[in-house]
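One structure, pasted below without further comment.
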């Protein structure tokens, strides 16, 4: 079998190779897409292979040398990273399928460039997932920003340029201004930036220092879209929908919250994080983000914008879990990464499918469309329910654990935020599907035409159905995932 | 000794007066002439300081040739210099005063002029006096230091002078006909359109003969590209430049 | 310029002496003040004086610009070449003693002589070059001379 | 070292001098060589030999430590000594290697920008400039530094002025540079004079010993040090003394800008390190005060102000020029920490910035070569019309910002760590704030290049018109170097560490903190 070191290297090399080959095969779309698929399946296989090692208690490690002084460049896969890698690689397959359908269906320009940068972004995500220390993580974090920037500004018109500029400025700006100092501070204070179970800071570190560092991390990880550094996310909505699906469900935002959890558990350690006064402040910020973003989402008519604000809200769940720092809350946050990924990608793919077939973007235009596109709207409904947290869908578990975590850490009042948010979720997500199924069609003739042509668009319809099914299946697999994740917490913490 | 001091003081005050006169004067001819005078007085002062070699150089270069060169340069320019507003003089005056204060600050700790025990006269300087007689057998120690002990410095100085000559050669040419040639991009010149200097040039972008311009037909693109890359000879064409004087 | 008769006569008499004085300064540098720098400037001054009295074109035909250009480079070459020669003889750069290993001080004399000649050539040529360059430019103010 | 035993022994002994003498003599030869092609070939060969020479010297330094060469065979305090050590060897290699890289690029670039008859002499001036810079770095004699400072300065003024056939403003820029540069040189030579007055010697090592014995010396030495710092500050474009730089970089011929941007300020920075830490040292209070207070403040102000000014420039070359001033601020900041890690970071950035800025100016030069453009607004659609050039520009630009996996990140990481260790948390903030400003000014250019459509000429879109291969190769060498350092900067950091150890000997660590 392939050794763990080589597997780790392959984790980066497969998407990079796919990117290179895609660039070379730009003139032949079929070959290009075939490469993407082969690469995505190969990547998933490698990830599963690696998960085997991790589940057996091993920590595959790849040391790439020190790149400057005592800053090292190394990859270590631990359970949290393995889960993240698994989500990203499995959703890459489905997203590629969807991308192909979307791109061809809409005759987008520069398709090769698109596939090329998506593959690089996936490589960066794998790098983030498998980073052995903060510096390595930071490097891949920036690579991810840069590789997704051309995707956001893909259309190249004035709006896309503006979106791209805001995206680049906020993500690069926060990471340079806050995250990098936090990383350097950690390096100087702790003498290392390696991720360790239970944290790295020496016991005498003052709580003021850790408070400052935690603050820098929380806002430096701009990809976690904690308010007020969230504006990049709604602005990134100018991108083609597959990008939004990738950004909002798989790559960018998940990388952000993943980093957040990883920092809290493996750099600070749950006990130190809980003892740091700043964590209380930040958990309030997260709670406020959850509610405020939901309220904003309520007022959006553009479907993608509504989903974007919903994402801001849902990401804050993860941040909340991390900042509560109780074991249950951390597990809840980690689960939220998984569950939200599947739920939200479903919603975005549905939005993309609707746009590809009907060229409609606003919720008010969807009346009665569910009858001509039942699969898409059905998938949307399931995705929405999962996001809301209704059993028996995957999304219900994280909310449960977060509530337990909030109780454990003595911040029961924050449960109110979770409940309010769930109610708001219902208010802003369910009507979308309801309009489609219940309201009479605005223009039956066009809808009939759509029904007739639907076969041509099957590649944008199948993926969301599959992910919706996944969101359902995951409900039953949360137990193994939790068991798998437990080693990231110090012994006996749960 | 006291006579020496009176002489020195007289020469230095003359230098000061001339320097101020040069600064205040606006007729360039007078400035050039005063600079010659300044060098001459300077040379006299160096003689009084027993630096005969330096004095000789100052007299030959400063008072002699450079005056002539300045005159030749002056012929090409206006005869009067423009008035410089007081506001623009403030910063330089502050800098000059600050530097002067720093120099005065140091004076207190300087060795007395001619002090045989000062580091400059005792360490390497005294060594040169001994060594020259032993190693080189020439009476003029200055020449020995310049051309042998520190010969590489003099080589460097020769190159400095050569570089100045090369600069003149490059910028003016020896026959007064340089500076007409204009640079030109080796392709299509675009983008002069909104240049802030556009009003001095032309608004229309120039297309040079080697321009690689094509219609939107993909087949033709390649043929044109090939043709242009084959044609080696590149006719020069002046492109209007933003000229700010 | 033909009306400046006295100037022409006097300068015709003076110029050779100025040039000879330059060489005196050059070769007497070992014993008294002077050396290649001063000598070069004085030599250039003699040509410049000639140009001022008899016109630039006359000076240019006496000392053509191409010579000047060549002289500049030769000056540096003579200096650097002395160093290269000491290299070839196995010494350090500009270690003149290797010219006459038996009498290092003689070698020093030769070396100093050679490099001072280089300085003379370079300085005189560059001064002339600068003068030619400025003198040859078209004058902006035809009203004055 | 095995390689060293293969080389002729003559080279091992005399390579130190050959490095400077060869380009000087070749430069003189250019005045009489009529043909441009021959001139280029000779120049290229000479600089190649210099580079190999510098490489040999670097190997020798690793092998044997300090190398010393007695010019004219005279013993050091009397004759001029040439010294190569861990501090100067990397800078020598940097200057000669950048010269070779630039020369690759020169043959088309100079053809487009310099009058045919003058090209040979132009290469001559370049050779003299390079020799001057090398001489400044390799010499161990304080006055010889001044001589070579003048050699390089005079030829630089000429080279900058040669931009006049492209843009008449080059003459004004060269004149400004001449005036300010001469003032700087005057300050420097007064400082040297004062040092001579204090110590009676010009040899750096001797001077350092005597100053130590005098316990830092009197006011004369103090004023001398201040004058030297100001003089060098002008040459290296320390913040308020930088006025000459934007004009000189913006209007010189591309080839000259590239070479100057990547080497000239670096050589002056090297001299500052040399004077401040080896001739003087941190046991003298006034050195500590000047470096850790004045230089620190100027560095920080420069980093922020120059970056802000860069944002508002319309000409890309001016953007990059102001960015250079800001980057000099970074280097000075590291220096002013007076710690081992600070100096290491400073030295690393000195090397990295040469590659980064060289790469950027190479790309900008190629853009002028093809399209006659230098303004930000004219960059529209360049990613389509010059994809390879623009990609190289992008990589170097990202490196300037300090994006991970590039050289710029390594230096900023080192610098920020050093600042943190020094206890200057605020300096970390300034470094990163300045990086964000860099993100803005580079991002502005990239945005125009990538997201706007190429312009049309007479209604026809300008087609792909890539720079010639010979121009692409150097800029890609530097871009790739930037990435290589970003991935593994071990060798640069090691070299810098060795240099820093030379600057702050063990007993001096922690002095002046």
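Order of writing sets the labels: A, B, C and D. Residues in every chain begin at 1.
The rule is simple: contacts are C-beta pairs under 8 Å (C-beta built on N, C-alpha and C of every residue); 3 or more make two chains touch, one makes a residue touch a chain.
Fair warning: this is a prediction, and the values are worked out from it, not measured in the lab.
Comparing chain pairs B-D and A-D by the number of C-beta pairs in contact, the larger count belongs to B-D.
Each chain gets a centre from its C-alpha atoms; the one nearest the centre of all protein C-alpha atoms is D. Put simply, the C-alpha centre of chain B and that of chain D have 22 angstrom between them.
Chain B has its Cα centroid 63 Å from the Cα centroid of chain A. Inter-chain spacing, taken between the CA centroids of chain A and chain D, is 44 Å.
Once the centre of each chain is set as its mean CA position, chain C and chain D turn out to be 36 Å apart. Shown for chain D are the residues in touch with two or more other chains, namely 24, 28, 30-31, 71-72, 74. Annotation for chain A: no residues touch 2 or more other chains.
Contact with two or more other chains is made by residues 69, 72-73, 76, 80, 83, 93-94, 96 of chain C. Under the touch rule stated earlier, the contacting chain pairs are A-D, B-C, B-D, C-D. On chain C, the positions that touch chain D within their shared complex are 69-70, 72-73, 76-77, 80-81, 83-84, 87, 91-98. Contact residues on chain B toward chain D in their complex (touch as defined above): 99, 102-103, 105-106, 108-111, 118-125, 127-128, 131, 148-153, 155-157, 159-160, 162-167, 169-171, 178-179, 181-192, 194-196, 205, 207, 211-216, 221, 225, 239, 241-245. Within the complex formed with chain B, the chain C residues making contact are 25, 29-35, 37-38, 41-42, 44-45, 48, 52, 65, 68-69, 72-73, 75-76, 79-80, 83, 93-94, 96, 104-105, 108-109, 111-112, 115-116, 118-119, 122-123, 125-127, 129-141, 144.
Residues 14, 17, 21, 24-25, 28-32, 69-74 of chain D are the ones that touch chain C when the two sit in their complex. Of all residues in chain A, only 65-69, 71, 73, 135, 138-143, 146, 150, 153, 156, 160-161, 164-165, 168-169, 172-173, 176-177, 180-181, 184-185, 187-188 touch chain D in the complex they form.
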